[in-house]
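For reference, chains read A, B, C, D, E and F in written order, and residue numbers begin at 1 within each chain.
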Amino acid sequence: MTQLDLKSIEPIIEFALKEDIGNGDITTDSLIPQEARTTATMTAKADGIVAGLEVAEMVFRKLDSKTVWQTFVSDGQPVSKGDLIAKVEGSFRALLTGERTALNFLQRMSGIATATSVFVNSIKDLKTKILDTRKTVPCLRLLDKYAVAAGGGTNHRIGLFDMVMIKDNHIKVAGNITNAVNGIRPKISNAIKIEVETTTLEEVQEAIAAGADIIMLDNMDNVTMAKAVALIAGRAKVEASGNMTLERLRKVAETGVDFISIGALTHSVTAMDISMNIEI
Amino acid sequence: MTQLDLKSIEPIIEFALKEDIGNGDITTDSLIPQEARTTATMTAKADGIVAGLEVAEMVFRKLDSKTVWQTFVSDGQPVSKGDLIAKVEGSFRALLTGERTALNFLQRMSGIATATSVFVNSIKDLKTKILDTRKTVPCLRLLDKYAVAAGGGTNHRIGLFDMVMIKDNHIKVAGNITNAVNGIRPKISNAIKIEVETTTLEEVQEAIAAGADIIMLDNMDNVTMAKAVALIAGRAKVEASGNMTLERLRKVAETGVDFISIGALTHSVTAMDISMNIEI
Amino acid sequence: MTQLDLKSIEPIIEFALKEDIGNGDITTDSLIPQEARTTATMTAKADGIVAGLEVAEMVFRKLDSKTVWQTFVSDGQPVSKGDLIAKVEGSFRALLTGERTALNFLQRMSGIATATSVFVNSIKDLKTKILDTRKTVPCLRLLDKYAVAAGGGTNHRIGLFDMVMIKDNHIKVAGNITNAVNGIRPKISNAIKIEVETTTLEEVQEAIAAGADIIMLDNMDNVTMAKAVALIAGRAKVEASGNMTLERLRKVAETGVDFISIGALTHSVTAMDISMNIEI
Amino acid sequence: MTQLDLKSIEPIIEFALKEDIGNGDITTDSLIPQEARTTATMTAKADGIVAGLEVAEMVFRKLDSKTVWQTFVSDGQPVSKGDLIAKVEGSFRALLTGERTALNFLQRMSGIATATSVFVNSIKDLKTKILDTRKTVPCLRLLDKYAVAAGGGTNHRIGLFDMVMIKDNHIKVAGNITNAVNGIRPKISNAIKIEVETTTLEEVQEAIAAGADIIMLDNMDNVTMAKAVALIAGRAKVEASGNMTLERLRKVAETGVDFISIGALTHSVTAMDISMNIEI
Amino acid sequence: MTQLDLKSIEPIIEFALKEDIGNGDITTDSLIPQEARTTATMTAKADGIVAGLEVAEMVFRKLDSKTVWQTFVSDGQPVSKGDLIAKVEGSFRALLTGERTALNFLQRMSGIATATSVFVNSIKDLKTKILDTRKTVPCLRLLDKYAVAAGGGTNHRIGLFDMVMIKDNHIKVAGNITNAVNGIRPKISNAIKIEVETTTLEEVQEAIAAGADIIMLDNMDNVTMAKAVALIAGRAKVEASGNMTLERLRKVAETGVDFISIGALTHSVTAMDISMNIEI
Amino acid sequence: MTQLDLKSIEPIIEFALKEDIGNGDITTDSLIPQEARTTATMTAKADGIVAGLEVAEMVFRKLDSKTVWQTFVSDGQPVSKGDLIAKVEGSFRALLTGERTALNFLQRMSGIATATSVFVNSIKDLKTKILDTRKTVPCLRLLDKYAVAAGGGTNHRIGLFDMVMIKDNHIKVAGNITNAVNGIRPKISNAIKIEVETTTLEEVQEAIAAGADIIMLDNMDNVTMAKAVALIAGRAKVEASGNMTLERLRKVAETGVDFISIGALTHSVTAMDISMNIEI
């Protein structure tokens, strides 16, 4: 599973705390003694896959560097309703002030991991991998993608910068797939892969000839996809894309594609129910 | 309806663009001439309430300051599947590079507005207002709350800094509600309101006596809430909170509370389906 | 007394140190060994009320995280000429380099607290509170307001964002007070108070009817103010404003207003004389 | 007169606006139409020397880039009570929102310039120059020093970085003045001047021999200062420092020192009374 | 040729100007009227390949947004001693203040392009490409790599983030190449290429089997490299690395490797002599 | 020797690490356990003068705050090929990830120090000092200048802000040297030195009369320089500038100038060969 790059998400956590706390949690700072410490537990209120434990931890650590954080499950593991997820001991103020932000992260990320795992498990006997997309919540790209990986999914490119993805509009401007691929190669470093979006078998053929590293089959029916996979014959990786519901998933995977990408994993998330209880 | 504070959301948009674009949209920058310009349209693919048009506009304007942005509907207005929402003319590169980020914002915000409007409309003949909560997606607090307002909801406090909210844990530490309110008053400016969370009529009585500006009725049954409203008798505003489903909403509103707060408006959002088509 | 939000003032202290130190205290860094440590004392050279001890401490701690800071008086307490205020043990370089910045903060803040306490004490047998204003030194708003609170004053709104203040120009544009209040209410969250500025009893009457939370009596004579207080009869808080000299203060307070605001507390400050002596 | 470095003060102005406006001027933004424009005038309510006009202008320009700013006097020029200082035409919102911040800057800076000019004028027939010190308000060093220059004063070093100033504590650690000067010279670039603080004629003699560029006479009586000036005989510049009141100033200047430095110019400032009136 | 990402280099240019200008070019700002404008020319004082024209332009534009910049050659093109490279018309102050920074960029970048072109030209009849390395000057990675591309070279990965490079130490920890490749694959997105460093033909064989995208031949003699190329037989790209002098280059290229990487292109640069003359 | 201002170079090191690491060293983070620690040695592969040890240390410390750094030589000291320079014990990941950045700094800085020492040593029996210039690599000004000092050179002004340097273009605009010096003096603080560039003995005479602190002899022949030194007679410091090769250096120094400035020290640097070996 992808590792979480804590350095990169630090500004996200700081921003989230800032938007909630602003110039101070006026209630807590006025009523709770600065030196008071206490303990709180986080408990699953529904079945699911946990993701974001380190993020929740960092929320509290940002507020109190002496926080003691103990987990009873790891990111990517299943929990049942009622299971203890984590225990946090620290500044009473920090626990009260950070509670909502920590839960906002943890519940969303666990929601994504839970949904992803349903898709992954439905085809786990096949070689096809579930991919995420760039349809993530703005500012949370890295966290959304990490949560997908925690749910057993595979990450697609992070953004527009780490892989070439030649789509229909690019092809139209370039004239054809061959022109597009040849036009781009001398302008990129030798580290960059090229993926080409195709909608017909003719385009698939042209993408193979142009030397694409990955070929996307966009909104094709299952039969055409199977033909495309046969045509490509291992010369490039194959991604299926477009309206991939849970119902249709298995049939698509059985065409032999390497990847199926699903936007709903991150664009429409149901938060997993998790509660935090503070001991007094 | 609340106005969108464009200055405050500018860093959010910049961050969102940065996470997607990084050091550059290598595909588009390699294939589309820098000076090329074109036009695109945004169209509703489902019925709903639009929100976030200025955010989408700013995404494109950040990439091309000469973008021409034209809207056919305003934030907070309903659209039907197939309706034209906006037209954008600008740098071809900017349109391709900004498309996903603009849609990620617009689809989430419209999703929130759409869901909120369902709750609001179900009790629109009553005086009770629908409130949002702090259960927003981290970093998008201001946008989530704006979208709730666009859907007809009323904004609760922005965060921990702009209103005192005395909750159960605060009360336990202070000893009782009276101590909590009296302990906090000399420590805050004269601009700050005080809300007190209550779970019984005795606590409601104590909150009234302590001079709370707003009293929250937390997880009370409808009969108790009606008694609380009668007891308060206009001496404070009243907020109902806890498991407020659409089914139960009307009965709660009929108890006479001023506000009903609903976390799901922002913590579990279904993106509204909106597409962008580029003319070539 | 308001607590000092150390997180918020950290950038102020860093900026102040940066403007003084730039790329380095070339004298001290060249002559004092890096590892040398020493002790210094801060002593009152005049009678007054101390404020800003934590700020001075943070100045030294920013330069040497191992600074040992010991205080002999708390913010808000009176000192007499010659009294020892604080003792600081730390890096010799840090003490020399930070001395002027620490004193610049401490002397200004103690000057504000001292002046405020004179006003507060002159009416301490009455219920009226002394309020500060937004006439603070740019960038030091939070520190100036904290110093007022240390001197026994009450803080007014922090800025333009945390309370509605409807002034003459706003009223003129809106047409009248009623229009102004009604125009603003649907646009703000339920956390925000509304204050209305009035200059006549008619306006006071209108402000009451519109449901203002606070009514400002601007530049009224004492008799009119007394009438206004009677008219309002507890339905809103009352603030007196305009040319409030020490001489006039008591008479104004005796009209029964809740607050008297005084700009000179922060716009024309005489630094309190405090010296720092380093042991060698 | 020193020029104002607008680039350097830009972050100061932005910080000042941010602390006052936060997430928005909720009153003005709710009541004044975004596109409304109007005119305001700034008028002296007392005699004095104006300073800070470009700062006030930048305040409004930050809020509305299309502001038209017209001045009737320049920084450093005298005005009489009732004189028109400036006229500003721009966004109605920007004028209301920026008014207090613009005045806070302008009134403080004009207050400094006014006080400085009194000192400068009292010895204007002599060659001695009035110097400022590092006793400025934290974060406003550049503005305070600019205001001193506007009042006819001469700027001393900006901070700890742009000149060597060897003070008593440095000398004690180094052993004597000679050691201190020799110890520092190989560690600094050839651009840096060296000033040495002295309290006796013996120290003055040693500072001359060590090759100091400037010699400070600290808290000496007038007779000793005259002897020091004679002893130095042009081999270094001479600065008198310590308790320099207006009464004593002329006598000190007549000893022949090049500079007299005065902390009170900036540490205890009385704001000049200036008002802003908006046309409606 | 790679395009220069102006957005990414903007902070570099701002930092460079800041370190040179600090709080202001005190000489120029004191002597040259703010509104004065003039023209300057940049001329080659030696033969070479120009690179960095847009960087030099941005230096001046940062100082004066109305700069008119005219070039007589493009990045990557050869110039002879005496050739006019560019003409810049703008604020007199901006030209004087920006001159050194603009030349510092332009001379270094042109120096890199010039040296690269010598290597590239010596094997231009062969298919082998010249690669740069990560041995660039800290903070100028993007500019150094752009200059290599301007000289006809091909860019290797930008840094540690955009390609997997499994080196000897990684292999030792993993046990062998197979373990290393298999250990890394599930942890990365599908956008990332894998390069493996090898020193023997056995390692080459293992890297092929593990499915490496690129195989580096590190410090092999020419005969072994030729055998490695034959062994790989197109199943991966091949990079030769280690002590690649101009003398040896052709023989290495003739082994059939796809890439030869050369650290000296960027770690030991001789600035190209370019002068700037201002018309007065 | 100048001390290295670690605070000022911290952002440079952070930027350098960021440009290399981006969102993570994907190879090392995937293959090396987070808790693994190891040791590495840095060894000279050529004779030279070391500079930049604290910079290299900070690179590793930024990646692992628990790094143990041990040096066997100090900045400014000579090493021979094969000498052990430093030993670093720390996180295995940190050593692998930081290796290239640490070496990029250390090799460049040692290269500068080595070249400088050759110039310095060739005239070490004379009083003349070797000066650096502003021809440094953008963003590395402070490091380049520190490395010159480590090689025995003397630092000239840091940038355009810390000394007045009146050059030919300034003189032309002002009319003559006298006008230029007199025009600038009232606009600067009393901390700033004035240097004047001259090309003839007449100009030297005028610069003396105007009271310049330093006089630059630009591109004069050796005989004229000797005459200029005699003419100045100690009334100002003297700097020789323009095409100062190692061959010509001694003759120039023998004219009696105080300083000779050499741009090539920093604009054309050959990295010193230093290697890092990690123990496994």
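Keep in mind that, in the parts below, contacts are C-beta pairs under 8 Å (C-beta built on N, C-alpha and C of every residue); 3 or more make two chains touch, one makes a residue touch a chain.
This structure is a prediction, so every number in the text was calculated from the model and none was measured.
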Over half of the residue-numbered contact pairs in common: that is the test. Which of B-D, A-E or C-D passes it against B-E? B-D
Averaging only over C-alpha atoms, locate the centres of chain D and chain E and give their separation in whole Å. 47
Can you work out the whole-Å distance between the CA centroids of chain A and chain D? 55
Two or more other chains are touched by the chain F residues 3, 23-24, 30, 142, 158, 162-163, 187-188, 192
Would you please name all pairs of chains that touch? A-B, A-C, A-E, A-F, B-C, B-D, B-E, C-D, C-F, D-E, D-F, E-F
Touching residues of chain A toward chain F in the complex: what are they? 3, 5, 7-8, 142, 158
Going by the contact rule at the top, pick out the chain F residues touching chain A in the complex. 23-24, 29-30
Touching residues of chain F toward chain D in the complex: what are they? 1-3, 129, 131, 145, 154-158, 162-163, 186-193, 214, 237, 259
In the complex of these two chains, what residues of chain F are touching chain E? 12-13, 15-16, 19-28, 30-32, 36, 92, 96-97, 100-101, 103-105, 107-108, 111, 134-142, 158-167, 169-170, 172-174, 180, 183-184, 187-188, 192, 267-271, 278, 280
